[in-house]
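The following block contains the structure, expressed as structure tokens.
By letter and in written order, the chains are A, B, C and D; residue numbering begins at 1 in each of them.
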Amino acid sequence: MQKLPLEGIRITDFCHVWAGPHVTQWLAVMGAEVIKIESNLHPDLTRSFFAGDKTLTPGLNQSVDFAVLNYGKKCCTINMTLPKGRELAKEIMRVSDIVTENFGGAVMDRWGLGYSDLQKLKPDIIMYSGSGFGRTGPYKELPAYAPIVDAFAGLFSLNGCLGSEPCPFGVGGWTDLVAAQHGAFAILAALHHRSNTGEGQYIDLSMTEVASSFLPDAIMDYTMNDRVQGAQGNRDNAMAPHGCYRCQGDDEWIAIAVSSDEEWKAFCDAIGNPEWTTDERFRDGLNRWKNQEELDRLIQEWTKTYSHHEAMEILQRAGVMAGPSLKAEEVVQDSHLREREFFIDIEHPEMGTVRLARLPWKLSDSPQGNYNHAPSLGEHNDYVFKELLNMSDEKIAQLQEEQVIL
Amino acid sequence: MGALSSLKVVEWSEFISGPYCGKLLADLGAEVIKVEKPGCGDKTRSYGPFPQDMPHQEKSGLFLYLNTNKLGVSLNIRSVTGAEIFKELLTESDILIENHSPHEVEELGFDYETLKKLNPRLVMASITPFGQTGPYRDYKACNLTSFHASGLAYLNPPEVDDIEQEPPLRGPAHQGDLAAGLNAAIATMSAIFSCHATGLGQHVDLSEQEVLASMIRRNLAGVTYEGITMTRVKGSQSRGGSVMGHCKDGYFFMLCNTDKFWANWVEVMGNPDWAASELFQTTISRRENWDAAKMMIEEWAREQTVDEIVRAAQAKRVPCTPVNTVRESANSELLADRNYFIEVHHKEAGKLTYPGAPYKLSKTPWHVERSAPLLGEHNEEVFCRRLGYTRQDLLIMRAEGVV
Amino acid sequence: MQQLPLEGIRIVDFTAVWAGPHVTQWMAVMGAEVIKIESNLRPDMTRSFFSNVNTNLTMSAEYSGLNCGKKACTLNMTLPKARELVKELIKVSDIVTENFGGSVMDRWELGYSDLKKIKPDIIMYSGSGFGRTGPYKEFPAYAGIVEAFGGLCSLNGYPGGEPLPMATFGYADITSAEHGAFAILAALHHRSKTGEGQYVDLSMTEVVSCLLYEQIMDYTMNDRVQGLQGNWNSTMAPHSCYRCQGDDEWVAIAVSNDEEWKAFCYTIGNPEWTMDERFRDGLNRLKNQEELDRLIEEWTKNHTHYEVMEVLQKAGVMAGPTLKVAEVVQDRHLGERGFFIDVGHPDVGTVRFPRLPWRLSEGPQGNYEQPPRLGEHNDYVFAELLHLSKEEMARLQEEQVIF
Amino acid sequence: MTMQALSGLKVVEWCEFISGPYCGKLLADLGAEVIKIERPGLGDKARSHGPFPQDIPHPEKSGTFLYLNTNKLGVTLNVRSTTGAEIFKQLVKQADILVENNPPREVEELGFNYESLKKLNPRLVMTSITPFGQTGPYRDYKSCDLISFHVSGMAYINPSCGVDDIEQKPPLRGSENQSGLVAGLSGAIATMSAIFASHATGLGQHVDISEQEALANVMRITLGTYALEDVAWTRYRPVPLSEIYHCNDGLVYMVLDQDKTWLSWVEAMGNPEWAMSELFQDQVSRRENRDAGKMLIEEWTKEHTVDEVVRAAEARRIPCKAVNTVKESFSSELLADRGYFVEVDHTAAGKFQYPGAPCKLSLTPWRVERPAPLLGQHNEDVFCGRLGYTRQDLVTMRAQGAI
């Protein structure tokens, strides 16, 4: 029977909210055993997130945010404020390969669980710290959320319609996810190194720096030409047309991009060569680019008369890049994603069936991944304390007494 | 020694997604041989920014950044000799990264089924707009259309007054392509681990549409589970608690989505009376009345400078920052103190400042050992020293347009 | 009525044998009035060149082929008077050309410095084997000598064989003459703008070096001395000349890339060759080209060279018959383009000569009048141009000045 | 800087490889402003053609390209893109001369045939250099150096010394790539002639050069002999005892075609008996007994060094020189004394000796003012400086693949 790539890897996971849990999310799906350390005093913040008005006070195990970020993981509750709790956690780390955290500050150090401490505990441990501004430097103690980082790194200043004010990025957690993915990759690299040399190491990830490395051309343009780019809307600095156009129906849009004279010809044929396509102003790429405002207006005349899917089909058949601007619900129904089984139904004891997005890739010869439901608070206490640490029921009971397991 | 020093990678990719995947591996020590078509080479070579806006094959900022630490060869794999050499390279590699359209790859006979016969250990990562299967598999796409086809653009920008006038927006720069490359790197490393155990490689099928869709996994769950759909309309996304505000001399962004943050923020504002009102006492009430709160906050902010607000807020540990341009962030004391930016010297483009490591590994540092390759710079090293062709062969192959 | 480009330009032409007369040949055809200066003591050597049918001084092919459209007068240059007379002629001319074996013109006090005094804006052309300066300036030279000295012979021959003299006597003569003609036109162009004349010193040896730039650059770059290649090429295979049906019939075939190779194999009915390890790609074809040539010849042997050309060219493969002299004259393509022109000939009526290798879209195609007999234009030159009376001319003939 | 002969002439060169570029070089080296158009990416095919320093192919280091493109301005332009075509026309509008060597059909398809261009610029002289010219049945046939050499008839009569076994010694292509040079040279002369015509008429015209004809023209004598005497040469051309002779340390080439030279050579050999026999008394007999004569002469020369033979011959003004390799001719005192070779420093390739002026003009020097251009080196000068595009336009056009 085929195994998952990371089967046999164990992670002690102190991550919470968005960015952190996302890191371990990828690893869990790929087969790593991720043990979340929470407690009833400090449940993962997202357990108490709630959206919409469906239920104003969902239980700690019913948050969609939490469900999305933590499937495939295990969870035990330890009261880390107590020395005994920290000792207990150490026992778990001793039998783990990786420790992950994304606290707002140097919490781990204060707990005596900094990398240097963990090394003594387990020399080849790999420790991952994710933070908004990095574990060194002036801001190391500052709390940060993705939008803060986005704003700081300059992402907002590049987002928005052409020439508009800086604009928050549509997906609040963008940099959370991107950073998490960089973190996951770094951990895999460190694991690879360990499997070759037996050495562990410390990974310090700063979301700000991730955001920067995701703006290469804007930053290179600044360092090369001292130019500060502004918001470009849907435009490109070479292609035209390159925009998002109204379609038939309410708030329906399609994105169209034309990258060459050939594609332009194909485009004109596809929309039936209206008068204006022969216009001097659109004769060649350079002129199209210079007159794209007018061009966009005219193209919209055409797109308006089709649904976005119709327009996509017409143009793609002609070999022109075009994609509807899908609403979330359209994404869920998208025939292509369906056929690729991008969504997976997860049975959740308290939430029922939750349909969630898979990881965005497929491995040809591995099972598709560990998509067990997100754990309820403390769901795996038995597994962790009994099976993993071989503790007796009495001992466990005692620790519960002492509110160490809480 | 880099964390991935033992890995041999062949990158047969254009533009951004594949090359970024290759860069992530190369920057951690993997040996990445970048295969470019003779002549124009990678499409990014034609994309700006260029120093002084003077287009030059070897001076594209985008290319320079995306291809650090790689060996560069020029090879026309459509020629018989080229295909031959390409296969020779693959038999010696652990990983192939490609981002060409599926039917093109099949036509050339470089599909996974064929290649794994050549090298069963090979991990082949295919990064395409819509993946290797499904009705859209052969559709064309670019960063723009992928963004829109993923549902991401529809939610951007998050707060518009008039959805008719403000269309859905793709993310800044090349976010989509980069994210695709990044995910490919994770998937590839996962496959490498399977290979440790099984000794067999596999095919990584990565769809950029899915990568971007998974960025809104929370919103998707909202649809499937809670029946909540969001748009760009004011309020539809906001959960209350964040302000992008105007002040005396610029913009600041502030977040107080918890009672603690709110309480502190109220102190930052000097405990104005309005803040004491019912309307703002609980997370729920705040969300309901957030527009009002925002108004009041902005009114206060207009009297302050960005600096004053940010310092005061940070002193009280309220997440708050100036809304920077890349210039301001590049010059921030933070990134300077972290030595984030690095200087790289390139034969043609000279010394330039590049974005540095997205993460710091204590034992096996990320670092730029060599700048982006000139087109075909390592033909001799790779073809002659490794594959044993002679220089005379190179001359012939060049004249035939093979290299 | 359209003029010829050089109408109105007059050339006093002392050149003889090959290289020189060919220079003025181009000029004459393009409309310049070329006046050959000869004498019965020293007729242009080519007039008496060996010939099966050399009945008199116009019948040699060399002479006829190099002197169409020129005028000829006879002056005994050994006499001071003749030299005076020539000066008169030069006064009403634009260009003086010579290619003596040594500095004869100087000895006659007709060097450039002398001519300048007679006519300040005169353009003087000296063609020689080794140049009018330097250690060999007095040496006689023929094309063959220059080709041997310049290295051309060392590159002409069968692989592994010995250096051989280049085809058709006078390759260096004619290529030098063409460079000379171009230089003169350039000088004329300059004069038409500035009124300044000048001296043109052409060394055939140096022309040959220009023609061997590739081998010379290889030597200066890599200190390599290239050897004999025969019909082979350093980067293409097949690239040779193959036996055809019939006696001493050959066809040349060259294949420069995979597409052409595919087309070639299918056309000659050996598609399996495209799979054959030995011939699969350019590299292997070059390594195994002797074998390849042998196999190809087995096919060409069964066809005429024209058949081979037609069938291969239709398939987009480079091929051309090795035309014999007679076949060149009968070639339907050259025929249709009117490459050959029937020139009136004083002795045999009309002769079919090649014209200059170009067409100008406007105006007449050039002056191809019959080659002049010795002294044929004495009257025109002395009476019309120099306004000598019948008596003066008679006296000068007495004194063997006009002779 | 002194004025050059062709200063002020504006030339656009839309050419590849050898023939057209050589034509452009001849014009540029004498001062014409030549703007060379290359396709983006690969550029001129000659860039892929050796020799390269250390045999490492590099687009900026091809000896062929470096030599053939001195003094030119280089721009990249994709004339197949709409923008590129637009710019091309703007350049042609401002030019006196367009040199091109593209397949006629292609030129028509692109709408750049003379009929179209002359509407843009009636003064334009358009020179088309193609394997078979603009008309006739072979007009669209493909060719290369080998093919042109054979279809011109040159190969069939090469080598001219005759071969013992016509079956084993096929017709021979001369030293490589001569045909392109000869065609380009003819192009330069024809072009200048057309320029003169336009002085008078103010109108340009189309110059149609056929490589096949340019080479056939080189053997005009051979063709003349056939026309006049019905003698068709084969690989043996009867020139009495003008041969390559073996000496004890190498080869010499000596011309003994005249009675005078023959006699003085006999004297040089010390009047051997055999030389007196009637077998060698006149040109006819010497031609008939050529083999015997050669053998006997070699008996003597084989006893002597090349140096001795050459000195003995030249002392008697008999044309005779060593058969050199390019190395020997390069190192000869002659060319050194004439200061023939020029050192050119190229930013990418470095300093090398190049063949210099094919001939010396006393007033308006031939000179290398700038080395061959880097690919697209003058895009800004030309597109921004002359045509008024902005740098930002350049960036856009590059990304669009137009430049």
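Odds and ends about this structure:
Everything that follows uses one rule, which is that a contact is a pair of C-beta atoms (placed from the backbone, for glycine too) under 8 Å apart; a residue touches a chain by one contact, two chains touch by 3 or more.
Bear in mind that the values here come from a model prediction, so they are computed numbers and not experimental data.
The minimum number of touch steps separating chain B from chain C is 1. Centre-to-centre spacing of chain A and chain B amounts to 12 Å, using the average Cα coordinate of each chain. We define each chain's centre as the mean of its Cα atoms; on that basis chain A and chain C are separated by 76 Å.
Centres computed as Cα averages put chain A at a distance of 65 Å from chain D.
In chain C, the residues that touch at least two other chains are 234-236, 256.
Multi-chain contact residues of chain A (touching two or more other chains) are listed as 237-239, 259. With touch defined as above, residues shared between interfaces to two or more other chains in chain B number as follows: 47-50, 52-53, 395, 399, 401. You'll find the chains touch as A-B, A-D, B-C, B-D, C-D. Taken together, the chain C residues at the contact with chain B in this complex read 234-236, 256-258, 280-283, 286. Listing the residues of chain A that touch chain D in their complex gives 237-239, 259-261, 283-286, 289. Here chain D touches chain B in the complex through residues 40-43, 48-50, 52, 54-58, 375-376, 379-380, 391-392, 394-395, 397-399, 401, 403, going by the rule given at the top. Against chain A, the residues of chain D that register as touching in their complex are 81-83, 86, 393, 395-397, 399-402. Across the complex, chain B meets chain C through its residues 79-81, 84, 393, 395-397, 399-402.
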